[in-house]
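Heads up, the thing below is written out as structure tokens.
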């Protein structure tokens, strides 16, 4: 499992691995939105946490099909399925690798982008914290969606359609946590719920995704 | 002779074939009585005027939109546990009915919302939940459509249905938390017994709800029969090709 | 080491082989023969546990099996040794140098997977068998795109594996020069009328 995790991270970092893709997309969203809504400081600081959460979510969505698709196409996935690694552990390793190469850089970049949105002081702490807690859930839910669509030729659009409603609770609690944190309001409820979603996703979804992967490989 | 016998396509076709005419007439009767009574023989509400009458479409369709998903969830579990082919096909057959009910509920809600709240759409928890439910139906149907092999498609959509159900409940809770909402409380509380609707409106509403329930069962049987015939056709074609 | 009883396998809703029976013991090689589409790949995938059997039984310890299909699962961005080391770690088995040496990959160790020729890729794919440490090799057309030298070398490797008490079940039309029993799958083939099993083909129109 560790070997798979390391291999996936290494593949993502090498040329053509798409490491910078999500970061670039996140940056583009954050730069373009102020152009579209106008340079009003109050408005930007009000919508900032929400826009950055949507940006992070879309950036994550963009790279989901890489989780299993490439390994499926070159046959690695079938070989891994016959190896000692159980499918559930494989999902866990790949979702973790996806988070480390996609979610974590977004977390690191988010306070910088918050500057563009005239963010309140609280946002510099709570936006990255909310992303840090919430993006693992995005990676794991995405891995489930990617496992569902792995056998399909052009599964990208379908993957987005399937994952979109599954992302709603994470997005709601994540953006709410960032917003409340920015405004200095009580953060405990969304904080606990968001943590709960992330933990529960990692605890339960590998089983669903593993089952689905085995179905897709047969 | 157990209930599972009807998971055999042939048995299911025989039984459902005998039931269909009766069910169709019963459905037509209940829907017609419920809607005609509701639309033409109830007084206007003193506050809402005649706009209130859209309730006879809105509430039954909203009810069936949710119950259809529940039925799909049960059918998916049956498929995953006992691998009854009719169960998987029934889940597939139910989805378009469910999406139609969801759309009716959303559309009638929007039409009703304009005179009542002054807006077609508000990001109210109930409306938002139905929008999410609509997306779930779309994803479910798209996944069925995208996969050729029947067993694979049935397995994948079943898992999606179960995972989707968990996330649907979570979303319902999340949107509640996110916005307390404009939508009035339920008009038809089952448990408490005190309802906000007068008998004059309520009796035709119950009839309409029963009618929509029957309509769902009728459409489900009809569509499942079609799906079974389609599968049989495919199987026959496959046999021809190989012979 | 592996016993198959009354096995029925199929693909895409079509039964291909029925009542398959065979046994392979330590040190034995089975060669699967039969025309294209008879179900060689399907049978191998079923033995590997990738797809469920329709009926029947495969008595084998899954921990013994390693499978090599049409695709080698080689990552273009990783070097040959990185590719192989990954599989060695996955299977939790020793060093890779011996395997690189035996498959004639030592000189290519630092070359990226993407720069290999088809035959070199195949050799790397087969080297995975050696680092898996598993006893039963399931091979689907293993010699495709190998030149005659490499084919002979692979024959030697199989012979050594059999001598160590391994089992090889291979679908191949090439003679590797190894004593092995030939399984002609043709006799288990399911023909047109016989492929009931589909619940939607029950008698009586509906």
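Letters A, B and C mark the chains in the order given here, with residues in each chain numbered from 1 onward.
Throughout what follows, a residue touches a chain if its C-beta (ideal position, glycine included) is under 8 Å from a C-beta of that chain, and two chains touch if they have at least 3 such contacts.
Please read these numbers as outputs of a predicted model, since none were measured by experiment.
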Could you name all chains that are in contact with chain A and with chain C at the same time? B
Selected pair, greater C-beta contact count between A-B and B-C: A-B
Let me check something: if the centre of a chain is the mean of its CA atoms, which chain is farthest from chain A? C
Centre-most chain, if every chain is reduced to its averaged C-alpha atoms: A
Any idea how many Å lie between the Cα centroids of chain A and chain C? 37
Taking each chain's centre as the mean of its CA atoms, chain B sits from chain C at a distance in Å of 48
Centroid distance [mean C-alpha coordinates] between chain B and chain A, Å: 32
Any chance you could list the residues of chain C touching two or more other chains? none
Chain A: positions in contact with at least two other chains: 218
Which part of chain C faces chain B closely enough to touch in the complex? 12-14, 191-193, 195, 198-204, 206
Using the touch rule from the top, collect the residues of chain B that touch chain C in their complex. 8-10, 13-14, 17, 85, 148-151, 228-229, 231-232, 234-236, 238-239, 242-243
Residues of chain C that touch chain A when the two form their complex: 45, 48-52, 63, 65-75, 77-78, 82, 86-87, 89-92, 128, 132
Counting only contacts in the complex, chain B reaches chain A at residues 132, 135-136, 138-139, 142-143, 146-147, 152, 155-156, 159-160, 162-164, 167-168, 170-171, 173-175, 177-178
Given the complex, residues on chain A that touch chain B span 144, 148-149, 151-152, 155, 158, 161-162, 164-166, 168-169, 172-173, 176, 189-190, 193, 197, 205, 208, 211-212, 215-216, 218
